[in-house]
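Look for subunit A in each of the two complexes below; its partner is subunit B in the first and subunit C in the second.
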Partner chain A sequence: MTDQEILEKLREIMKTSSQEEVDWDVVVPDSTIDGLGFDSLSILDLTYDIQQEFQVEFEAEEMVKVATVKDMIEFLKAKSA
Partner chain B sequence: MLRQLRYSLEYHFVLRALTWLENHSFEECSERARRLARTWFAIDRKRRRISIGNVLKAGITSDEKRAEEIAREALENFALVAVESIKSRDIITKENWLTEVDVDMPDESMQLLKKEGQGVLLLSAHIGNWEVAARLLSFLKPVTGITRDAKNPRVNELMQRFKPSENFTLTPKHSVDSTRLLSVLKKGEVLALLIDQYAMSYGVRLPFFGHVTSVHKSPAMLHLVTRTPIVYGLCLRTAPMKFRVEVSEPLVFPATGNRANDIEKILLDLTARTEDAIRRYPEQYLWAHNRWR
Partner chain C sequence: MSEKKRVVVTGLGIASSIGMTADSFWSSLSSGTTGIRPITQIATDDFRTRIGGEIPQEQIDSSLKELGFRPDERSVSLAHIATAQALADAGLFTAGEPPVRSEAGVIYGTGVGAAHSLYAAYAAFAEKGMKGVRPTTVPRCMANSITAQLSMKFGLTGPNYVTVCACASATTAIGAAFRMIRDGYATQMLSGGSDAFFEPVTFAAWNNLGVMSRDPDPNRACKPFSADRDGCVLGEGAGTIVLENLEHALSRGAAIHAEIIGYGESSDAKHITSPSVDGQVQAMRAAIKCAGINPAEAALINAHGTATKANDETEASSIREVFGKAADSIPVVSNKSYFGHMLGASGASETIASILMLKNGKVVPNLNLENPDPACSLNLPTGSTIDLQGDIVVKNSFGFGGNNAVLVLKRAES
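Here is the complex of A and B:
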C-alpha cells in the first residue's frame, strides 16, 4: 500500500472517530493527531478502528504516542511489513 | 490569602479527623461516622432529594418512606467506607485476608490475578466498600485506581499518606490519559475503574435501570484495544468489618469491527452486573450521585 493510499484510508477512518468538525480534505501528513480532534481518550476509538481496518497487531500504547499523520503512516507501514 | 487560610483550616480539620480515626476503636469510629452521616442527611436537602429520587427512579421501591430509609442507610454506608478503609489495615492483612474475608472468586480469575505480567481490568461500582476491595486485590497484584482530587493540595498530600497500601496507587482523575492507563496494563498490573458514574463527553447513551444516561466507554475501549481481560468485582459488607468479595469469571468480548456495537455489548453486560448488585444491596449503593442528567 502506498503512502497516499494509507492517507486516504486514514482520512476515512478518522472521520468516524474524531470528536471535532474537521475539514478532512486538508488533512496532510504534517497534520497533528491532536489537531484532528483526538484527545487522550478518543484516541482509543481511532486505535480500535485502525486495528480493525488495517488488520495489524500492535500495542495500543505505541499508537497513542504517535504525533502526526505522517508518523502514523510510517507506523502502519512498519507494522504491516 | 483567604484561599491559603481555607486550605490550612481544611488541612487541619482532615488531619485531626484522620488522627482521631487512628486513635479510636473501630466501633467508636463507626458510630461517630454513622451519626455524622445521619446529620448530613438531615441537613443537606439537595443531596437527600437526589438520593431518594434516584432510589425511586431505579425502581428499588415505590414507597417513599422506604426510599428515604435506603437513601439514609446508603449515606451511612458511604461514611463507613472511609472508616473501614483505615481501620481494616490493622484487622485484614495480606496473611489473613483469604480467611477473614468471604471470597467468591472463580479459579480462573484468581489465576489471572496471580499471573505475573498479566494486566487485568478490574471494574466495579460505588457499592459496599470499593476502597477495601482495591486494597484486598493489591495483595495479589499492584492496583492503580482513579481518584477525584481535592482542590486543596495539602489535603491531597495527606490523603496519599493515608492511602490503604503500598501496592495501591491513586491517579488523579484530572490527569488521566490513555497512555497512563495503557502503561498500567502493559506492566501487568490491575487497572481498577468504577464505572457507574455519569460520563460527560466521552460516554455513550445507554439505559441504567431503564433510564438513559451517559455511561463511561473507556473501560470497553481499553478492553477492545488491548485485549486485557475484564473482571467485575464487588466488596459487599455483611457485618461490621466483615466483607464478601464477589469476582466474576474473566470476561473477554471480541472486537467485531463494529465499534459502536462492541462498546454497547460490553457496557450493557457490565451495567446489568451493577444493577443486579444494587438490587441485592440497595442500602450499600452511593445513591447521592446525580446519575441521570
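Here is the complex of A and C:
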C-alpha cells in the first residue's frame, strides 16, 4: 500500500471518530493528530478503527510517539511489515 | 413546597415513519397515511414478520445533514432530530448555531436503548473475540446514553435521566418531567422517548415472542380493537416535547400547544407480559384525580391500542370501568396502525399526536377497523377525521413489566 493510499484510508477513518468538524481534504502528512479533534475517548475509537481496517494489532500506548499523520503512516507501515 | 405550577407544552419534535416534522406527521395522520413498510435494515427472509414502521435512511441522513449533526447510534440520532425540532419550535435553538446552555433538564424514555450499537458489539465479539469489541461500547450502550448525548448536544444542564419501563417509558418520562415543573424543581424540561430496534436479534426476539402481526399487507397489518387483529407491528422513532412552567412561557411570549393537567402511574405486580385491568384502572384514576376532572369531561381517549388480543380487550375493560356510561360516547382511538408500536417512544409520538388533535380540533380515526371486536365495546371512530368535542384528552401507555402510565392533556387556553 502506498503512502497516499494509507493517507486516503486514514482520512476516511478519522472522519468517523473525530469530534470536530475538520476539512479532511486539507489533511496532509504534516497535519498534527492533536489538531484533528480527538480526545482521550475518541482516540480509542480511532485506534480500534485503524486496527480493524489495516488488520494490525498494537496497544493504544504505542501511539504516544505518533504526532503527525506522517508518523502514523510510518507507524502503520512498520506494523504491517 | 409552594403552590403547584401549571405545566404547558411549548415545543414539539418528531422523527417517525410517517413524518420527520410535526407538520408532516400531522399531515399523514389526518390523511390516513401509514408508515408501515417492508423492513430494509435486516435480511428478513427467515422472519415471520417482515414489516414495520421503518424510517427511510435517506430521511434520517437528510435531517441530520440539515442540522449539521453527525450520525450516532440510531436511537440517539433520532432523539437528536426530534429534540432539535422541539427546541427550535419553542424558540430555544437555531440549527447551525451553538446551543444556548440552560438549566432545562431532560427525562427521556427508551425501551431497548442503544440496540444497534449493542448488536454491533455482540456481532464483533462473535466474529473476532474480545479484540473485536469497540472500546467505546460502554458509553455508546449504557442505558442513559440518550439523555447524556442530548444534554451535551443542546447544553441542557438540569436533571438528566432515562426512564426504562418498556412501552410506558416515554409517557412515564413525560409524567416525571411534568411533576418536576409542577412541583417547582424545574422551569423547563424536555421529555419524550426514542427507540430504534430494527436489528437482527431484537427483531428476531419479537418474532419469536409471538405477539406481532403476520399479515403481510403493511397498510392492513395493524388492526387495533378489530376482531381479526393478529398482533402488533413495531415502528422506530423518537418524539420530544418541551414542557414549561406556564408563567415562564407567557413571560417569554412562547406559543403554547397544550397544557398537561394530570399524570398517574401504577404497576400491575402480577405478570411480566400479561396486562391487568386493576393496574390500568389504578393509573387512569390517578391521572384523572391529579387533573381534577370528572372522567366524563374527557373528549377523547388516545389508547395504548397495540392490536394484540390481550392488550385491546384488557384496555377496553379498563376504560369501561373508569369511564362507566361515558365510555359509550367518548371516542377511543389508537394511533399505532399509522406508525407502528414505537415501544419506549410510543408514549411520545402518541402524546404529540394527542396534542396535535387538540390543536387542530380533530380526532384521527382508527384504521383497519371494519370488524370491531365485541369484547372491545367502545366508541371507536373510523373513516375520516371527526371534530373533537371538548378540550381534554386522556393518553394511555401500558408496558411489559406491568407498567401503566397515563397523561391528561388539555387544549391551550386562547
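The rule is short, and it goes like this: the second predicted complex is superposed on the first by the 79 of 81 C-alpha atoms of A that agree within 3 Å, B and C clash if a C-alpha of one lies under 4 Å from a C-alpha of the other, contacts with A are read in each partner's own complex, and residues count from 1 in each chain.
Quick note on the criterion: a contact is a pair of C-beta atoms (placed from the backbone, for glycine too) under 8 Å apart; a residue touches a chain by one contact, two chains touch by 3 or more.
Everything numeric in this text was worked out from a predicted model, so none of it was measured.
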Should the pairing of subunit B and subunit C on subunit A count as a clash or a fit in the superposition?
-> clash
Which partner does A:65 reach: the first (subunit B), the second (subunit C), both, or neither?
-> first
Between subunit B and subunit C, more extensive residue contact with subunit A | B
Which partner does A:41 contact after superposing on A: first (subunit B), second (subunit C), both, neither?
-> both
Overlapping segment of subunit B (options 187-195, 241-249 or 259-267) - the one that collides with subunit C in the superposed model | 259-267
Subunit A positions within both the subunit B interface and the subunit C interface are 41-42, 44-45, 47-48, 51-52
Provide the residue numbers of subunit A that touch subunit B in the complex, in ascending order.
-> 17, 19, 40-45, 47-49, 51-52, 59-61, 64-65
So, in the complex, the side of subunit A touching subunit C is made of residues 21, 41-42, 44-45, 47-48, 51-52, 57
Per the touch rule above, subunit B residues touching subunit A in the complex are 176-179, 182-183, 186, 201-202, 218, 221-222, 224-226, 255, 257, 259, 262
Residue positions on subunit C within touch of subunit A in the complex are 68, 131-132, 134-136, 139
